[in-house]
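Paired with chain B in one complex and with chain C in the other, chain A is shared by the two complexes that follow.
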Partner chain A sequence: MNERQLIVGPFNRVEGDLEIRLEVRDGAVASAQVNAPLFRGFEMMLPGKDPRDALTITPRICGICSVSQSSAAALALADAGGIDMPPQGRIAAALLHGVENMADHVTHFHLFFMPDFARPGYDGRAWHDRALARFTAMEGSAARRATEARAQLLHIAGILGGKWPHTLAIQPGGVTKAPDAGERVRILATLRSFRRFLEDSLFGAPVEAFAALPDVAALESWESGDAGLFQAISADLGLEGTGIGPRRYLSAGAYPLDTGRVSASGVWEGGQITPFETGAITEDLSHAWMLGDTAHPARGLTEPDEDMADPGYSWCKAPRLAGRTVEVGALARQVVDRHPLALALAAEGSVRARIAGRLLEIARLQILLEDLARSLDPSAPFMAPAPWPRSGTGAGLVEAARGTLGHWLRIEEGRIAGYQIVAPTTWNFSPRDVTGAPGPVEAALVGAEVRPGEETPLSVQHIVRSFDPCMACTVH
Partner chain B sequence: MNLLWLQSAGCGGCTMSLLCAETPNVFDLLTDAGITTLWHPSFSVQTGAEVRALLASIEAGETPLDLLCIEGSIVTGPKGTGRYHMLAGTGRAMLDWVQSLAPLARDVLAVGTCAAYGGITSAGGNPAGAVGLAYDGRFGGGALDAGFRARSGRPVINIAGCPTHPDWVTQTLLLLAEDRLGAQDLDPLGRPRFYADHLVHHACPKNEYYEYKASARELSELGCMMEHLGCIGTQAHGDCNIRPWNGTGSCTRGNYPCINCTAPEFEEPRHPFTETPTIAGIPVGLPSDMPKAWFMALASLSKAATPKRIDVNAHSDRLKIPPGEGKRK
Partner chain C sequence: MSQIETFYDVMRRQGITRRSFMKYCSLTAAALGLGPAYVPKIAEAMETKPRTPVIWVHGLECTCCSESFIRSAHPLAKDVVLSMISLDYDDTLMAAAGKQAEAALQDTIEKYKGNYILAVEGNPPLNEDGMFCIVGGKPFVEQLRHAAKDAKAIISWGACASYGCVQAAKPNPTRATPVHKVITDKPIIKVPGCPPIAEVMTGVITYMLTFDRLPELDRQGRPAMFYGQRIHDKCYRRPHFDAGQFVEHWDDENARKGYCLYKMGCKGPTTYNACSTIRWNEGTSFPIQSGHGCIGCSEDGFWDQGSFYNRVTDLTQFGVEANADKIGLTAAGVVGGGVALHAAVSALKTAQRKSQKTKTKDAASKSKEEV
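And now, the complex of A and B:
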């Protein structure tokens, strides 16, 4: 038997810093530990502050899902104060949030995930020259085109949110900026231009065609655009068989409009979808450098263990739903929303399934964003100012690009008394819990191939990045 | 000229903002200016062992380092160890890395307010002990000594902003690539003067409301946000309304106040961010060069003289009364 230990870090092309420890046995990962090595303590900064300040502070937890953080904070405050957004305010907030999610997906695919296939380790593969030309880091034609398309797409955030990241435009009572008729058509024009990028470059076909893929066979026969290149790579490397997640998927449902959330909320397991019971969430601290007991986030505390004592090995808490791990993200959302292709990939739960789920969401999100922009009514109110709550509790759950994000807050005597955040990557990259059960990524890494001499195994990189981790959010 | 970028205790938003650089995109811009990226945590292909080897070669003096960009504050906790951020895979605190690498660099850039002064990571009692590179809030001396100078002789260049504007970073890099950034080009807080010598108030679309003290009372109203809603654009250094964000935006164009995110200690204004503290009805933080008596006289005069158009629009979420046609003599 041939055993060795590997420490993978700094693990880049993820958001924030990440370290992974691997036990390797006979050319495969036998066990993995995921460490989120940075602690900042946002949950400790907020108590004692005016509740409104959450809208300035929490977006700065994360520069890639900043609008997700501000949406969750606004919803939590709205929940605590019984505040409602006018329907058009919800549409504008959804647009702003959807644009961020789209930008994040495109950044992930082109800048974070695909460049690994341009590595010399894949020299000689039939697709390698294409991967080199399109995705070589900072040079590939697709990477550069996508960066420009993303920057232009974010002009919509400039219009609706003043700037990106870190906007204060989303408030519990609506959005601060009422777009006028000219801005509405600018937004539509920007979206049409983004559609051109998706259809020329990423899909090589109408987004509707990708959004309508009915099953895995149809996905496997997709050849055009960079989605087709990914499909060719995936088929050659067998990415449908690696990085298998817990195959339990959670979504809180994305984009709350007055007609309800645009995508469904729920938990998928074994072909069944059941309601998402937020009361069943706990954060386990047994392997985190955190003091205190397992608790629901409405009652949770954040007290770092300054001694970083064993058996802790990460600053990340371990969220569990009814005691078990779940996977969150684009694939999870599409599964819970019952898209036929996603449902067909749910039991597979692989690297390929995650990337296909994200591509599917890009296609569907483009259509949604255009619908939302068309339905903007510049004559309607976008904000209904309401008094700020002096006391109460609230929860705000949204879907960031990389999965379910929740804020739980308590207000007493006009001040924040407690604030807890469970971020998407907290779910996916959690450490072990008290039963010893590994987090979703820790489990997904077991069995990953480690080739002789590899210090930073390629298979491990594909698996980790397929989750689109955001380590800044994870610990916050 | 080469560039190494490291991220520590921040949100990564300054990199995300940098990716919004346009005409050309950030990658072309760097390449065309002759700047080679040794490593960037979000863009570069190298990961894990490859990065550790690069860092070792820089430390050993085998790879000369030109531009060291640090994004995010440096955490000193717990108990001064810096262990709240151990750079992954290295078993060493980021604090240690920064202290080791900074003297080797021709120039050191603090990208964003976190790296410059501590920023948002040092809010609310500063649980992680976050400091900037050369500043701890307003005070000199952070992760590096107050007197730190890079090999070029320049102090740490503070491209402050939360996030920082992509052009603020790219223009600084372009100036450094031509070696055209002298001591006189940095303001007293180490910020490049090409953007820090402007105030956010300059070219704010609410200037006309400001002139008449036609003030918004609720976020979403068009009026000036200085009197009630916490805007400190009259004191905030930045060209945010001259050089727009993300196409055509800015905070005040988005109808929310400037919170002076380019300044040290912006994260602790000692009042709610979106509320102006007042004493006897006068905003506490007046523009630094405006005497109080002048403000009061001006405010009462201009309030009395406010045209109906401005008064009505200031309290609306969209233009209710358009400007009329000028009278021809």
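And now, the complex of A and C:
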């Protein structure tokens, strides 16, 4: 038997630092350990501070999904204080958050995921020249176009939030910015030009056509745009059979409006969708360099183990739902929202399913953003009075680009007494738990092909990146 | 030494035309506040000088600086600067991965010994021998020291590298430490902000690549051309401050009218940055324009000054605005005395400007010595 150990990392083109330890046996990954080697201790800094400061501090966990963090903090504070946003405040907050999620998806596809297919390891493949021209890191024509389109899209975050990243406008009582009629028109015009980018470059067809794909056969016959290029690559490399996740999907439901969340909340397993019981979340610390017991985040503590003792191997805690791993992200959201194509891909749970789920979400999100912008009413209030609670507890759950993000907060005597954050990549990139069950990515890597002499196996790159890791959020 | 290509070579290789190149030179001159006479100088420098390589490393941070940087307003400037950097080392954007990437870093250090600029995003945590931030199996602080040893100069991007930023908030669990406290024997330019404005980042790096020296720095080591004025000085809501018109609650009528956010905790009066002039997201807006006060993210220690929503109370260093509440009330209440008050204010301001000028001069001479 041919055995070796590989340490893959540091990973480039991901947010934050990531290292993966692989046991390779007979040309395939036998087991994997994911390590998040960057720890800052946000949950240790927040206690003692003015609760409102969470709105400024938590977004700085991550420079790529800061609006998600700020939305979750605002919802947790609103929950603790019994504060309600006016309907237009919710629309503006959803628009701001949706724009960030869209920017993240587009960045992931063009700058983080696709450039791996331009590597020399794929010389001679029928699609390689096209991948080279379109996606060579920082030089490919699609990569450039996407960077530009994304910068323009983020003007909307500028209009509604003053600046991006690290936007401050979302508050528990609403949004500090009430857009005027002119700004509403600018937002709509910006979305129109972003639609052009999606339709010319990414899909090569109307977004409605991609959003309406009914099943896997229809996806497989999609040829236009870079989505078509991905489909060709995926078919050639068999990406529908690699990187199989836990095939249990969680979504808290995205974009809370006064009419309810825009996308459904729930848990998918084996074809059944059941309600998401937030009380069933625990964070297991058995394999994290953390001291303390397994606990629900409302009661959890963050105490790093300075000895970094075995069997710990990561700063990342291991969140579990009813004791089991779940996958979160665009695919999970689309599955739980019962989109037919996503439901057809749910049981596949592969690299292809994840990328297709993200493309599907891009198409549907474009339509949603346009609807939200059209429903902006500059004459209505965007902010309601928000008295600050002296004590209380609250939870704020949102859907970041990469999946479910939760903030749990306790206020005592007007100060933060406890603050715990479970980020999407904490779910997906968690270490093993007390039963020895590996985290979703660790499990998905088992069986990945490692060619002779490969030090940074291509298959491992694709699998890891298909989850769109955001390591800065994972361990905060 | 082997032949190292010039900026112009690199740009031509990237498919940039002569015409675009000249346009870039005049934009650079404008961005840096230099007159048209500098355009040929910049062009000549770029045609004849060897390219300055840049190594970009990441410590404890959230990558918001890179995020800001890649959205810089002028696509040409961004492309040019990015293409210069891409040749060397940046782990967020480059193509290489894993060991290959580590090797690229080592190659760049050796090839351009003493000649490259080290751009640092984030900072090293020093507790537990640096184990809270591990890059390639080693603490980041080691990578930083290693890369800094043969660097010509260091850019500290953002609040993290410059001052520590939020991860250094009490109790600073990891002992996140700004770069200049770890590297003490190299010229360091601080470009603070969380993140810094994209145009400020490209402006600073273009200046350094073009002129092969640091721009004029203030006493804190920040480029004076971008950090010479307070947000307050150029804030479009300033007339409301002077008139004593303030937002009292997020949802009040005054908020709708765009009154001054001072009472909502705006730190504009004590924050030196270019947000109110250059603005964000390609000149779209800045926090005050979205109805939220400035949090002072380009100032040292902004994360531990009490609540972000406490109003600035200590304005003594700015003379006349020692107590802005009082000024506001006086201006609104005593209409008759307004003229006299205004005269007094102006006189004081002139005095203050003079003292600031002197400070800048001191700083300028100091920065020249350092380089």
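In this text, the second predicted complex is superposed on the first by the 476 of 476 C-alpha atoms of A that agree within 3 Å, B and C clash if a C-alpha of one lies under 4 Å from a C-alpha of the other, contacts with A are read in each partner's own complex, and residues count from 1 in each chain.
Please note the rule applied: a residue touches a chain if its C-beta (ideal position, glycine included) is under 8 Å from a C-beta of that chain, and two chains touch if they have at least 3 such contacts.
Quantities reported herein were computed from a predicted structural model and do not represent experimental measurements.
In the model built by aligning both structures on chain A, chain B clashes with chain C.
Legend: residue contacts after superposition of the two complexes on their common chain; A:7 is shown touching both chain B and chain C.
In the overlay built on the shared chain, the residue A:362 is in contact with neither chain B nor chain C. In the superposed model, A:233 makes contact with neither chain B nor chain C.
Residue contacts after overlaying the shared chain place A:118 against chain B and chain C alike. After overlaying the two complexes on the shared chain, residue contacts for A:461 are found with chain B and with chain C alike.
Common to the chain B and chain C contact sets on chain A are residues 7-13, 15-17, 19, 37-41, 44-45, 48-50, 52-53, 55-57, 60-64, 66, 111, 115, 118-119, 136-139, 144, 147-148, 150-152, 154-155, 157-169, 171, 174, 176-178, 304, 306, 308, 315, 381, 383, 385, 455-456, 461, 472.
Only residues 7-17, 19-22, 25-28, 30-31, 37, 39-52, 75, 77-79, 83-90, 120-121, 123-125, 127-128, 130, 162-163, 218-220, 240, 244-257, 259, 261, 267, 272-275, 317-319 of chain B touch chain A when the two sit together in their complex. By the touch criterion stated above, chain C contacts chain A in their complex at residues 58, 60-68, 70-71, 75, 79, 82-83, 86, 91-102, 125, 127-128, 131-137, 165-167, 169-174, 176, 194-195, 249-251, 255-256, 275, 279-282, 284-292, 295, 297, 303, 306-309.
Taken together, the chain A residues at the contact with chain C in this complex read 7-17, 19, 37-42, 44-45, 48-50, 52-53, 55-57, 60-64, 66, 111, 115, 118-119, 136-139, 144, 147-148, 150-152, 154-155, 157-169, 171, 173-174, 176-178, 304, 306, 308, 315, 381, 383-386, 455-456, 461, 472.
Chain contact summary for the complex, chain A toward chain B: residues 7-13, 15-19, 35, 37-41, 44-50, 52-53, 55-57, 60-64, 66, 107, 111-112, 115-116, 118-119, 136-139, 143-144, 147-148, 150-152, 154-155, 157-169, 171, 174-178, 180, 304, 306-308, 315, 378, 381-383, 385, 455-456, 461, 472.
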